[in-house]
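Order of writing sets the chain letters: A, B, C and D. Residues in each chain are counted from 1.
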Amino acid sequence: MTAFLDIHLRRNNRALLAWLVLGGLLVYFLYIHPRGASIGVLSAWANQGTALAFLAVGQTIVVLSRGVDLSIGPIMALTNCLASHLVNGGPLELAFGIAVVVLAGAVCGAINGIVVVFGKIQPIIATLATGAIYSGFALIVRPIPGGSIDEMLSELTTGDLAGILPSSIVMLLVLVCLFWLPVSKASLGRSIVAVGSSEQAAYMSGLKVDRAKIAAYTLSGIFASFSGLFIGFQTLSGDPSIGLPYTLNSIAAVVIGGTALTGGAGSILGSIAGALILRTIGSLIFFTGLPPLAQPLFEGTVLLVAVAFGATRLLRINNRLEVFR
Amino acid sequence: GTFMPECYKPGLGDTGTIKHAKKEGPYRVALVNGHTGIPWREQMIKSVKVWAAAPENAKNITELKVVSTGSDVAAQIAAIDNFIQAGYDAIAFIAVNPTAFDAVIKRAKQAGTVLVSFDNPVDNPSVLRITPEWIEFEGIIKAQSVVNQMKEPKGKILEIRGIQGNSTDRDRHLGVQKVLAKYPDIEVVEVVGNWDTGTVQKVTADAIAVHGFFDAIICQHGCRGVTNAIKATGHPPVPVGGDAENGFVKALAMNDIPGISVSTSPGQGPVAVRAAIALLQGGEFPALVNVPTPYVETKDMKPNVNYFPDEPDTLETVTGYAVCGADMVFTPAQLNAQSADNN
Amino acid sequence: MRAVSFVTSFDGPTKAIALAMLLLLAVGGAYYHQFLSPMYLVQQLQNGAFLGIVAAGAMMVILLGHIDLSVPWTITASATLATALVGTNPEALVSERGLVAGLGAGLLIGLVNGLGVAYLRIPSMIWTLVTNNIILGVCVFYSGFYALRSQPSPVMSALGAGRLFGIPCAILVWFAVSAVIVFLLRRSRTGRYIYAVGTHEPAAYLSGIDTRKVIVFAFVVAGLCSAVAGMLLTGYAGQSYQRMGDPYLLPGIAAVVLGGSSLFGGRGSYSGTVAGVLLITLISSMLSIMQAPEAAKQICYGVVIILMVGLYSRATPAN
Amino acid sequence: MTEGNSFLALTDVTKTYGGVNALKSVCFEAKRGSIHAILGENGAGKSTLMKVLAGVTQPDSGAIRLQGDNVTFTNPADAAAKGIVCIFQELSIIPDLSVAENICLTQPPKTAFGLIDRKAQDRLATAVLKRMGCGEDIDTRSRCADLPLSKRQIVEIAKAIVRKPDVLILDEATSALTASDVGPVMELLRRMRDGGACILFISHRMHEIEALADTCSVFRNGEHVSTFASGAKTHDEIVQLMIGKPISQVYPDKPAEVPVAPPYLDIHDLRWGDQLKGVSLSLRPGEIVGLGGLDGQGQQEVLLAIAGVLRGTSGTMRVNGRPAVHRGPKGGKGSDMRIALIPEDRKTQGLFLSLSVRDNLTVSMLDRLSRYAVVDRLGEKALVDRMIDLLKIKADNADVAVGTLSGGNQQKVVLAKWLATDPKLLLLMDPTRGIDVGTKQEIYRLLRRLAGDGLAILFHSTDYDELIGLCDRALIMYDGRVASTLSGPSLNEHNILSSALNLSHDNSGRGTAAPSAALAEGLA
C-alpha cells in the first residue's frame, strides 16, 4: 500500500524511516510500560494519536499542493462542536449527524480553497484568517465545552477489534483508503501534486489548477472533520478550543513523516507515522523516571532529534545546488 | 462521617458521597496535569512533592508519578488510560476540559482505579471533584468585597474576564453577575484579559482611556496588569478585586490600593492527592468538595504572610490550605528547595 | 528592493490600511468619541509597540520566505533570564546585566534558529517550532530549581513603562528599532541580500552571496527583536511571567502579511508592516472596548485579513 | 493574403506591458499541413504572440480566428481544448512527476474505474519517446527534475505531441537539444505536418529553420514584418529583416595566435563521483576555450567544479598559479581568483525574476559597491548605466522587474552582472541559448574583446557552430573525460562529431553511419 500512498516521495526511505522510528519508539514505550504490550495499552496508544493522524493526512494533501492549512485545528474544533449536537440518537440520526459534520468540514475546506484561489491570498495567511472565523463559529455553536456524543459509536471506534487491533487505527486506514486512495490514483490527485510541484507548469500545461487546489483544501477539511468526530468519540463532548494544540503539530507530523513543505512530493503514510511518533514521544514520559519539571524539555529534545534527522540528507549531497531543493 | 470535613466541605449542589472499597497500602499514585508553562501549575506540582516527601505521608506511597500532558485532551486521556492499564491505585488530575473524560472515567471504574479531579474539575458526579466554588469565589467573596469597598455602590465597574470558551471563566463571570445584579446603580463594562498580565494591562488602560474613570475593577487572573494600568494612566486608586499572585498582592499592599486578593491555592494539588489516598484507605468524601477560598483585603495584608517582597511576582502567595491541616501549608523556602531529581 | 519604501512613498498596502484605519476610527468614533482622543491614540501606539517590534523581526525572516515560530518563548525566556539576573544583583547599574543577558538570550536563540534553518536546512516552520518547545522546556525545568526573580531592571522599567516628554518610551524604542530595520533594508548591503535570498536562494548562492549567513543574520535580528519586546514587556508589566509571549506570534505574522509582505519571501515593505501592526492593535482594542463577544472578534479579525490581503493581492497581480 | 485557406488567423492583435508595445496590431495567419517558422530578435514579440494563441496572455485588442470562428481563450486549458498546444520557452514540466506522468499529464489513460492506468501510461510514453528517437535514453519512470535540461526538453515535446494538437507551437523548444536529438524531433515534426498539423516553430538557430520550415514570418519590435516561403530569401536577407540592418559576419576574427602566458587556470585529474573521471585542462588569459560533446558528458560538472559548487571533487586546481581551494561562487569571485560562472538556466539560477534590472545587475558586486556595508547609490547607478550600455540591454528603465524582459535581454543581464565583477576567468554555460543572431553577434564580439583584454574564457555550448566559430580551442568531452582537444583547422564539424561519439577523428570513421547521419542533420 505504501506505493499508493506515497505521492512521488523523492526518497521513499524518509517515510520508511519514520515508520522505523515509530516502531522503535513504540517498542520502547511498551517495554517501559508496567503493563507491557496488551491490547488495552495499544488501544490507548492508538487513540491518542488518531485525531492528530487524521489532521496530518489532511495537512499532507494541502502540503502536496504546496499550500498549508492553519485552519485545520479550528475546523476540527468546529466539527467537534457540531458533532456534540448532532451525533446522537438512533441509527438514522447518527448517520445524518455524521454526514452533516463531514459536510461542514468539507465546506470549511472548500472555503479555504476558494479564499486561496480567488482571493489570491497566500495559504498561510488565508487559513490563519479562516481559522479565526471557524474558531468564532465554534464558540457560537458551543460557547463552553459540553454536549454529548453517542457512546456506542465511541466504544466502537476507540476500543479494539476482536482483541487484536485498535479500532481507531483500523478506522483511520479505512477512511484514508476510501477518501484519499481513489483521488491519489485519479487525475485529480495528479493535478494536486503537479500544482504543488510547479504551479506555473501545471497551469501552462492546461491543468485545472484552481480546481486542484480547492479539492486539496476540501479534502483537508474532510479529514479535519474526521478528526473532530474522533476526538468527539474519545471525549463524548464538544469543545470550541480543542483544536488549539493541533494545528502546528499536524505540520510537524507531516515533516517528520518525510513530506517536504515545498510541495509536490510526499507520503500520506509517512505523515501518519509522523503523527504517531509525536504522540508516542509524549507517552514516553508516562513511565520514564523523569522529574516532572524536566518532562517538557525531554519531549522537546526528542522532537529535536527526530526533526534533525532530516538534516542527514545533506551528507549525501554532492552538488551544493541540490541543497536548495 | 466524611473525611476531614473542615477541609473537604460538601460543595454547592452536592450529590451525595463517594467511597471506594478499602485497599491495603502503600499505594501507587499518579498526578496528571494538563497545561505546562504556567507558574501556578508548577507550584502545584512542587507542593505535591513537598507533601509527599514528608515521612508521615511517604509511608503511604510506594510510587508517585507526576506528568504534564499539555493542552491536548487526547494526550491527557491517554495518560490516565495508561496509568489505569499500569495498575496505579489512584489518579488525581486537572482536566483540560470538564466534559471530555466520561469514557475514561468509566474505564477507571471498571479497573477499580480511584480518580480524583481537582481545580478544573470534570462534570461527572461519579468521581470525587475538589474545586473552589467559582461562583462564590468570584461573586460572593470577590465582587462583594469590591462593592463593599466602594464609596457607594454605584457607578461603573470594569470586569476583566479570562479566556473565552472556558467553563471556569463562565462560572466566575456568573458569580460576578449574580452579586452585581443586586445593585441597579452599578453599570458593568466587560473586557477580555485572557488571564494574561500584559493583555489585562492593555485592555484596562484602553478601557480607562475611553471611559475615563471606573469606580472599581474586578479581574480574574493576570491582575498585576490592572494595578500597572492604574499607575500608568494616573487613574485614582479604586477598589480592585484580583488574584493572589505575589506581584498583584504586593501592588495592592504597597500602593494602598483598596481591594481584595482572592485565590485558589496550588495547595489544591496535595489536598487532592491526600484525598485520593484517603479514598483508598476507605475514607468517605462528599462527591463534590469545595475547598475554602482564601482571601485577604488590602487593609489586612502583611508582608511575608500575604505577600513576599523577596519572592518572584508570579509566586502564588497562598501556598496552601491552613484549614486542611498544618501539613497543607508550604513556605516558599520549602517549595524552592523541592528539587526535581526523583520522578 | 524598490519595494522598500518608508517615508518617501507609501505603497498600496500601507495606503489601504491607512484608509481602513480612518474608516474604523470614523465608525468607532461615532460610538465612543474618546476613540479619537489623543490619549487613546497614543495608547494604541504604545500597545502596538510590543507587537510592532516583534513584527519587525518577523518581517526579516518572512522576507527570506521563512517564518519564526519561536517568538512566544523567545520573549518569555529572554525576559525570565533578564529578571532572574536583575533579582540577584539589585544594585542599580549591575542589574542592567540582566538586560544585556536578556538581549543575549534573544540573540542566541535567533542564532540557533538560523543555524538550523541555514546550515541544517530544516524547514523553518518546523525547526523554530522545535526550538520554541525546547525553550519552554528549559524555562519550566529552570523554574524547578531556582527561586526566580521577576523584577525588571531600572532601564527596562523606564523603557517599558516610562515616558519621555509625555511620549511613552516604548513608542520611542519601536521607532528606534524601525529606523534600524529601515536602514538595514533600504541602505545596507545585507538588506539587498535579504531580498535576493528571499526571491530565489539558488540564484543568490550562484551570485556569490553566502546565503547561509544572510539567513542566520535575519533570524538573529528576529531573535533580538523578540528579546527587545520581552524586555519592554517586562518593564511595562513590571514583571516577567511565563507565557508572556503567547499573544504575539500569530498577530505578528498577520501584521507583516497585512502590510503586503509575501510569505514566499522577496517582497514586502516596512511601512506596510507598521501599518499592519497599527491596524491589528486598533481593531482588537476597539472591539474589546465595544465589548464584542469573542466569537464576533475572531470572525471580524479573519474577515478583515481576508478582505485587506485579498484586496491588494488582486490589485497587484503577481506575474 | 487570402482569407480562405488559413486555418489560424490573427487580426490586429495588440498587447502592451506598461510602456512596452510587445505586439502592435499584428495580423498573422498560418495554414494546416505546414511548418511555419517565426523569426525575430530577442524581444520582437514572438513569445507574446504565442502566449496569446495559447491562452496564457489575453491581448488588449484584436481577434483570433480558428477555422473561421472567432475564439477567445482565458487560459491554456481553453486553447488546448481547441487543439492548440504550446511548448513554452519557459518549460512546463512538472519536476516531481515522472517522465510518463508528465507525458500523459493532461489526458492520462484510465482504467474501467476512472483511475489512471499506469501500465498504459508507461506504454504510451515509451511509444512517443521511441517515435522521437529516444526510446532507450529516457527511463519513463525517472523523475523529471533529475533529468538534464536537454532531456527535459524532449519530455516537454513528447508531452505536447501526445495531445495530437491541430496547432503545435514550439517556442524555442529545441534550444537546449543537442544535435543528436534535434534530428529525430525534426523528422517527427515533418510527419505531423504531413498529417495536417499546423506547426509554429520559433528558433534562433537558422540552420534548424532552413531545414524545417515551409513558411517564415519575421517579427521586429512587435510588428509582423514579412512572411515568405522558406528558401525564398537568403540567410543574410532574413537577418536583415530581423534586425533592420545588414549583418555581415557573425563571428569575430580569431587572433592569429593567443599570447603566450602562464595558464590562468590549470586543472589536473579532476574527478567527481562517476561523472568526472579525470579531467585535465589549462586555460591561458586571452583564450576562449570551448567545451563540447554530447549532452551530459560532464561539461556542466567541469564548470560547476571550477566554480566550487561541487563537493567531494579530487584532483588539483591552480588558479593564477596558486593552488585553489574555495567553496562556491562567493569564494570564487574573491580578489584572488576572480571566477565568474554564468549558470545554465537563467530563470532559476541566474536571475531574480521579480527584482529589478538594477538589483540583478549589482547583486554580485555589492561588496565592492558599498562602504561599511552601506550601498553607495551613486556608484551603483553609474555601474548600472554602464552595464546597460555595454550590453545594450533593452529595458524600459533599470527599475522594471527583470522577469519582464525578453529572454535574450534577460541573458544579457546575467552576463552583465558577472562582467561587473571584473572577472579574470569566465565560465559560461551555454550562454547563447535562446538568443537571436544579432545579440549573439554582440555577445561573441564582447567575449572576444574581453579575451583580448586578458580574460580567460571557458565556454560550454550545445551549438557546435559556435564552438567552431568562436573558440580558439575546443575540448570535446566524452564520458567524464576530455576525449580530444581541437584547434586550428582540426576544429571542424567532422572532428567534433567523431570526438563526441568517441570515434577517433583521424580516420574518416564513417562506419557508424546511423548516429552520424542524425547528427549531421542536426547540424545541417
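The working rule: a residue touches a chain if its C-beta (ideal position, glycine included) is under 8 Å from a C-beta of that chain, and two chains touch if they have at least 3 such contacts.
Worth saying up front: this structure is predicted, and the values here are computed from it rather than measured.
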Key: Minimum number of chain-to-chain touching steps separating chain B from chain D   = 2
Message = Looking at chain pairs A-C and B-C, which one is connected by more C-beta pairs in contact?
response = A-C
Remark   = Maximum distance between Cα centroids and chain B occurs for chain D
Intercentroid distance (Cα basis), chain C paired with chain A, Å = 30
Inquiry  = As a quick test, compute the distance in whole Å between the mean CA positions of chain B and chain C.
reply    = 33
Message = From the mean C-alpha coordinate of chain A to that of chain B, what's the distance rounded to whole Å?
response = 34
Query = At what distance in angstrom does the C-alpha mean of chain D lie from that of chain A?
reply = 44
Note = Listed in rising order, chain D residues that touch 2 or more other chains are 309, 328, 349
Request  = Note the residues in chain B that touch 2 or more other chains, in rising order.
outcome  = 36-37, 42, 164-165, 340
Key: Junction residues of chain C, two or more chains touched   = 136, 140-141, 143-144, 202, 205-206, 293-294, 319
Key: Pairs of chains in contact (touch as defined earlier), listed by label   = A-B, A-C, A-D, B-C, C-D
Ask   = Considering the complex alone, what residue numbers of chain A touch chain C?
value = 68, 115, 119-122, 124-126, 128-133, 135-137, 139-140, 143, 200, 248, 251-252, 255, 260-261, 291, 293-301, 303-304, 307-308, 310-311, 313-314, 320-321, 323-324
Task = Can you check the complex and tell me which residues of chain B touch chain C?
result = 36-39, 42, 46, 164-165, 189-192, 194, 196-199, 201-203, 205-207, 209-212, 224-225, 228, 232, 247, 251, 311-314, 332, 336, 338-340
Task = Provide the residue numbers of chain C that touch chain B in the complex, in ascending order.
result = 32, 34-35, 37, 39-40, 43-44, 47, 50, 76, 83, 87, 136, 139-141, 143-151, 161, 233, 236-239, 241-244, 246-247, 285, 288-289, 291, 293-294
Residues of chain A defined as touching chain B within the complex = 33-35, 38, 40-41, 44-45, 47-52, 138-139, 143-147, 151, 154-155, 158, 231, 234-242, 244-246, 249, 279, 282-283, 285-287, 289-296
Ask   = Which of the residues in chain A end up touching chain D in this complex?
value = 8, 10, 182, 185-187, 190, 193-194, 196-198, 200-208, 264-265, 317-321, 325
